[in-house]
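Several structures are given next for inspection.
One chain, chain A, appears in both complexes that follow, with chain B as partner in the first and chain C in the second.
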Partner chain A sequence: MSTLIFIGLAASLLIYAAARLSRPLGALLLMLLSGAGVAALILSWGKGFTETLPLGNGLELTFSLSTFNWPFLLLGAFVLFIVSLFAVNALKEMEHGASFLALLTLIGVSVMGVFGAYDFLTLFIFFELMTWTSFFLVSMGKTGAKKAALIYAFMSMIAAYLMISAIMMIAQYTGSFSYSDFMGMYEAMPSGIRTTVVIFFLAAALIKGGIYPVHFWLRSAHGDAPHVFSPVLSGLLVKYGYYSAFLFLLFFPVMVATKAGITQVTSTDGPNFILAFIGGLSIMAGTVAAILQSDAKKLVAFSSVSHGGYVILALAYGTNMAVAGGLAHIWVHVLTALGMFLSMGAVAYRTGTTDMDEMGGLIKNMPVTFTVYLIAIISVAGIPPLAGFVSKWMIIQALAANGSYILAFMAFFGSIGSFMYVFRPLATIFLGQRPHKFKDVREVPFFMQLAMLIVTLLTILLGIMPYYLLKPFTRIQEFIGMVPVKIGFSTVYSALTQLDMMLIFLVFGGGFLLALVIFLLFSKPTKVEQHEVYTSGEIAPEISTTPEIYHFSKGYYRSFGRLFSRWPSVEAWYHKGAAYISQFFEIIEQSLFKQSINGFIWLAVVVMAVLMAVRWF
Partner chain B sequence: MALIGKIVLFIVGAFVFQVALSGFSRKVIARIQKRRGPVFWQNFYDIGKLFFKKTSISHGFIFDFGVWMAFGGTVATLLFVPVGPYSVFPGQTNFIVIIYLLAIGSLGMAMSAVGSANPFASIGISRALTQMFGYDVPFALTVVIMIYVHRTSQVAKLAAVQSDIGWHLWVMPLSALVAFIALMAMLGKKPFDTPIAPAEIASGPLVEYSGKYLGMLMVQHEFATFVEVGLFVNLFLGGGSTLLIYLVKYIIVYLLTVIISALMARFRVEQTVAFFWKWPLVLVFIQALIIIGIGIR
Partner chain C sequence: MIMQNPVLLIAVPLLLAFLIPVFSSFFKGAVRFIPVLAGGFNVIAAALLIPQASGDVAVTEIGGWASAYGISLLFSSQIGYMILAVNLTALLAIFYYILNERDLGSPLAYPIAFTLALSGANGMIMTGDLFNLFVFMEMTAIAGYIIAVHKKGYLGTFRFVVLSSVGSAFFLIATASLYNATGFLNMAMAGKNLGALSTPFISVISVLFIMALSSEAELLPLNGWVAPVYRESSGAGSVFFASVFSGAALFAVIKVMLIVFGINYAYVHQGLLVLGLVTLAAGEAAAFKQSNLKKMVAYSSIAQSGLIIAAVAAAMRSGVLHNGLFNAALFQLINNILAKALVLLGIALLGQATLKEIGGAGTRKKWLGVFISAGVLSLIGMPGFAGFWSKLFLVRELVGNRMFVFTLVFLLAALFEAYYYLRFLQSLFLGKSTTAASLPKTSWVTYILLFVLAALIILIGFAPDVIIRAVSGLSLGGVL
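After this line comes the complex of A and B, so read on.
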């Protein structure tokens, strides 16, 4: 794998050069590279290895490929494959297209490093590689992107400090960075250090995963990033957070538990329950916030907050059903996030806007994009027979089986609330009255359609045949010594009942055919234009549909929003806090820096003195 | 072959029974309002008339497609609900599948209605989804309690288990109350009829439909009613050991919703949501505490 990482670094330069010549060529190169990655991973199913890359000075980076990280590596390669395919056409008018592609390749390198790491140092190094590459990538976006990138970098910095502190504590105690040494000594560690390490690491993971209440960087970063990069952010980079949460939360405690002969860890452990609760809060906050957005990409960003909540809730809950459901939900969310962000990117590519209140009726122009979005949201809302239903069903089964009413309430809240927020873009972008200015919008070019359709096809297939969705994760469960969830080709068995996705698909298909037959039996309808609608006899301009007044879906859920108008918002508190801090520093700035250069010199002397004092004593 | 026969019998039976019952309910409402009301087979006439109309209006492909999806999704859901002792796919009457599969019908209808580009339809759908967010959460929780207590999420088993311990209506009265209120909202009966609100937004989602479209959606609505009331009968009134007992329970529950609805005025939509998140949700959690505390019996 270390060779692959060097190849990746070299490829990033090559792709930059190629993209300078022609953007599509660069994107195609990246597509081939990541496609080769996907193929290689699928071929290496069931194999595994560990290798080291010495850095000198006694330090070495360790990589491994095992059952444990196989699905995550595949996820990374897959997201890059789809996005670079999408980028073949989408990058044409972008300002820094070539550097964009080169940085995207570096993201691919960081995928190998983070998911393939077998020691904490490697994990951290590639985490940071990801952070600064994505910082530049985010800042390439639209107007607000510079600020969004700063907020993102700031939050990442906090996460990095927490993570490196945890790692240093581990290294100090065990004398090495390796996972296996830590695993071996986990039980023997003093509980104080152990708790601190776990809390620091999990806090870093939650920040990276965009979980409430440290989710707010997601809104601006996802919303303002370039349209091609948002799918990578949501589909791949927040998964780094889920992965590190999974690594820490589950892997180590479970190893301890399995050694003691326990086959299930449940949320009766206090800390786990608190984390599950944070996941639940994330579901609820993400859902309500998503419903009230009027920018399509910010809406999807908040849906990511909500879905991250499901993952954390399920992983923290810790029964075998919940863990399998949570891991499957990571993959499901990759597909749905890709589907939603790519279709939004496609719309923005043609219309130049992501403001839902401006658009409408685009289905007539962009039927393929509409289909992709429709399938993605059916999966997001967890409606059978698509992939999203399987993972949500498993999580809810786990919660119901153990009688966790409050967590079940949170899961249902997010699930039913998602009908509301996913429908809004459907109604206000693709359906309804089409504004005059969008009359000549065309469907997106071939490669963009292809990328989106692959995602759609996978969403459907994995939904009908959950075996392929769940098998990698039941293998992980065997690997870490958990009782794996029982699955069949199209069925999943829980303690409470069984689920047959193929049957549901066939019955629904049958019902659909019946409807079609009944429809075709009777006389043919007359087609009418979009302005010929019933207005209950009114011709008042605010009701009649003239080309100027086209949109009746502005503030779609305003009445719902009124319910929350007096609720506290975490983001408002952060803003307040930030204002206080900047006031405080303004005082220092006034007294030290504004007057003359002396302030700087003074500060430098103090810093030097402190540093020397620390060094000498 | 037997399976196909069963499927046909389920669909046709549900159609005939529920359409006749809803026709009869029109008579009940009329009597409450001191009118004579139509004959009970009036709804069959209406549906037939709509299907055989020569003209109907289409607003484009998604307008048609949504209707097929709504009809197909609801018919599919119907086949997973046990009716008395019978079910089409024994062992597959999964509660969570039923409520989510029902959602595909709603999604289809919502898509089609908004696809008509009529502002009233758009407003109606936004209200319907908001209201759904209100009632579905407490309703799902009432069932989660049952699932936990009886260790199964099969609706058929949840119905059968009540012959031993007594109806859930008596065992979990608070849950039953909440579920009944949620049922009224599911059926769109007053005071929870903001999505339709005939005098206010011209029947909301249904405003643009005519001819066979309206006919199909009327049938779809009757099927959805059959599923929703059927869920309540199965979950709280012990289903039925014979078909007749099941249908009698069904008729009583349905007519109760109709009668209560005839006496009510309409909530605003955010009032509906606030209501459902206040009282029913609190009651469900109290019920959960009681069940945890004293167990079943």
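After this line comes the complex of A and C, so read on.
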């Protein structure tokens, strides 16, 4: 793995040079590299190794490949593969395209390091590598991106510093950075240190994962990042947060119990419940905020907050069903985030905007993009027969089986709410009236379509055959000593019931075919202009109408917004806090560094007095 | 071999500085190369001395006087690395002066000032004698006055003159009192005899020393000159202030604290620790608001001085010397010298003063942008660059020694530092310039110089072993 990391570093230079010659060439190179990563990982299914890279002076980096991190490494390679495929066409007009690809390669290096790490130091180093590379990548976006990137970097640094403090506490106690030493000595650590370490690490993980109430960087960072980078941010980088949360949740009481072989947990334990509750809040807050967005990418950003909530809720809940569901949901969210962000990126690539109020009726211009988006949102909303249904079904089964009705309500709230927010782009971008200026919009080029279609295909296939979605995660469960959930090729068994996705697919498919047959046999379609749909083909000549006035895209959920307008906003508090800090800094500079000469002498006298006082009192 | 005597590091530049006026009457044009000669000699001499020096401090007696009575110079491999870093950055600044700023101001005064400053800085680092330290401090300060007015920055220079004179007065009083009470000017001997003195006397002396050194080392009460001087000084001048003077002065503070006061006076270090932390926090807070790049770096430089001093004080506070923390602080100091020089040279080469003006300059001058980023990313401690390791070691030692308040202040300060430096990089590469002015030309020689610095930073970033062995493989006796 260390060789791969050096290859990755060299490759970023090579890709930069190649992309200077031609952007598609650079993107294709990255695609080949990450594609090779995907292939190598699939071939190495079931294998594992650990290796060490000594840095001298007692420091060393350890990497490993095991059942535990295999799905995560695959996730990283897959996201980069899809995104670089998308980038072959999409980067053509981007201002800093070559640097973009080089930095994206470095993100690939950080994926190997973070998911492949077998000690905390390695984890931290590659975490930080990701921070500064993704900072530049976010900065390259549209107008608001600079501010967004700074907030993002600031939050990431808070996470990193929390993490390094925790790591150093661990290192001080165990004498090494290694995971295995930590796991071995965890029980023997003083409980104060143990709690601090876990809290710090989880706080860092929640920040990285964009979980409420530390989610606010996501809105602007996802929304304003370059269209090609948003999928990586949401599909891959927030997963660093989920992954490190998972690492530490292994030490939480419920998980410990589950690992000991107990399959049914009847009551939730304190710390687990608090974290699960935070996950639930994140689901609700993300859902409500997503409904209120008028920018398509910000909407998807908040849907990420909500999905992160599902993952944390499930992992913290800790029964074997919940853990399998939560882990599967990580992969599901990769697919849906890719599907949604890529299709929104495709729309923005052709129209130049992500403001939903401006668009409409693009279904005829971009049918492939529409299909991709449609499949993605069906999965997001957890409607069968797609992958999103499987993971949500498992999570809700786990909650219901143990009688956690409040958490189950929160999870349902997110599912129902997601109907509302995913429908908004569907209705306002693809359906409805098409503004005249978008009359000549064409479907996106081949590679972009290909990238999106792979994602769509996987969403469907993993939905029909949940075996391939769940098998890696049941293996993780075996690996950590938990009783794995029972799965068949297309079936999942819970304590209450069982789910056969193939059957559901056949029923749905049959229904669809039936409707198609009825449509083909009995309908007599009339072709009308797009806006005449709203007037039954007749426009009253005395009213001067334009197609746009029939389009309900502006202020789509305004009345719903009024419902929540009085809810407290965490983001507003943060803004207020930032303003106070800024003022405070101004005062410090004025009083300590901008004095007259007399002022400085007085200052010196005061300091002397204080220093003397330190001695005597 | 004649090169083996560390005194040459001081004497050669001093001699060359005095020869400059003589030379100038014969070869007017050649005068400007004399500082290069001095800097080059020092870099080579330091590089040759380091392998011969052991971890233990070697004392060189000057003028045939025995150590405690005459002036003595200290040299160890650690001091050697310090001298190498300081002289290397000074040499780069001098090259920059010759290539880009030689028409600025008097062609005679600046070469003299640079050469004199080199001599003084090396003296401050190596001397083991209090009064001698005072002399070298004054020498560098006077050279500093000349360098500070390079671009007619009178206000800043005036402040610098007043505040550093106040500092010198404190230093002189403290030294004289100590001499009076212990009978020695030699640091080690004065320190040894300190135990016989009354506690109030020692605490007053220590406060006087702290105040005195605060002006040169950019610590809090007397550092009001830093921001205006950086802002108004030339490119070469700002590097001299940020890397050469502050590096030498910080090392001098550390030396006085360690040798004279040692680890036995917890309250001295306690005071210094608080002062350092306040300086760190205040410096980062002030830097956060700056839009002028040099002022931003100036405040950040203040903050870093505070950090280093606080770390050293914390290492000595509890009656035993925490080697790890002490070495991490020195590692941070050397990183800081290298990275600040790189960033300031880069800013000077872009020729723009504010965040807005610099917008997009990094894309027009790609390599320069890349070099500056290496410096900045090292300063904020990103992996792949030298600064990552020094920050990591600092956190390790601080958490390991359970200094949680220090850790908190340090990490908070680092957070804001990362914010404004990243903002700078963002503006450098992705901003839109508000001025239409074209960027000044950069010669390939300058690029090579910057490349050397950046390569060094990245080398340490990937193989921290190189520098760790240099600063930390040494025993306690080897620290100074």
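Here is the rule we go by: the second predicted complex is superposed on the first by the 555 of 617 C-alpha atoms of A that agree within 3 Å, B and C clash if a C-alpha of one lies under 4 Å from a C-alpha of the other, contacts with A are read in each partner's own complex, and residues count from 1 in each chain.
Just so it is clear, a residue touches a chain if its C-beta (ideal position, glycine included) is under 8 Å from a C-beta of that chain, and two chains touch if they have at least 3 such contacts.
Keep in mind the model is a prediction, meaning the values are calculated, not measured.
In the superposition on chain A, contact of A:Y468 is made with neither chain B nor chain C. By the touch criterion defined above, A:Q172 lies against chain C but remains apart from chain B after alignment on the C-alpha atoms of chain A. More residues of chain A lie in touch with B than with the remaining chain of the pair chain B and chain C. In the overlay built on the shared chain, the residue A:L611 is in contact with chain C alone; chain B does not reach it.
In the superposition on chain A, A:F446 contacts neither chain B nor chain C.
Once the two complexes are laid over each other on the shared chain, residue contacts for A:I383 go to chain B alone; chain C is not touched.
Of the two partner chains, chain C is the only one that A:H96 touches; chain B does not reach it. Residue contacts after overlaying the shared chain place A:Y580 against neither chain B nor chain C. In the superposition on chain A, contact of A:M420 is made with chain B only, not with chain C. Once both structures are placed on chain A, no chain A residue is touched by chain B and, in the other complex, by chain C. On the chain A side of its complex with chain C, the touching residues are 55-57, 59, 96, 99, 125-126, 128-129, 131-132, 135-136, 139-140, 146, 149-150, 153-154, 157-158, 161, 164-165, 168-169, 171-172, 582, 584-586, 588-589, 592-595, 597, 599-601, 603-604, 606-608, 610-612, 614-616. Residues of chain A touching chain B in their complex: 361, 363-364, 367, 370, 374, 378, 381-384, 389, 393, 396-397, 399-403, 405, 408-409, 412-413, 416-417, 419-420, 423, 426-427, 431-434, 495-500, 503-504, 507-516, 518-519, 522-523, 525-528, 530, 533-536, 543, 545, 552-553, 556-557, 559-560, 562-563. By the touch criterion stated above, chain C contacts chain A in their complex at residues 159, 162-163, 166, 203-204, 207, 210-211, 220-224, 226-227, 267, 270-271, 274-275, 282, 285-286, 288-289, 299, 363, 377, 382-384, 388, 392, 395-396, 398-400, 407, 411, 414-415, 418-419, 422-423, 425-426, 429-431, 463-465, 468-469, 472.
Across the complex, chain A is touched by residues 7, 51-62, 64, 67-76, 79-80, 89, 91-92, 94, 96-97, 100-101, 103-104, 106-107, 110-111, 114-120, 122-123, 125-127, 129-130, 132-133, 136-137, 140-141, 144-145, 147-148, 151-154, 202, 207-208, 211-213, 216, 268-270, 273-274, 281, 285, 288, 292 of chain B.
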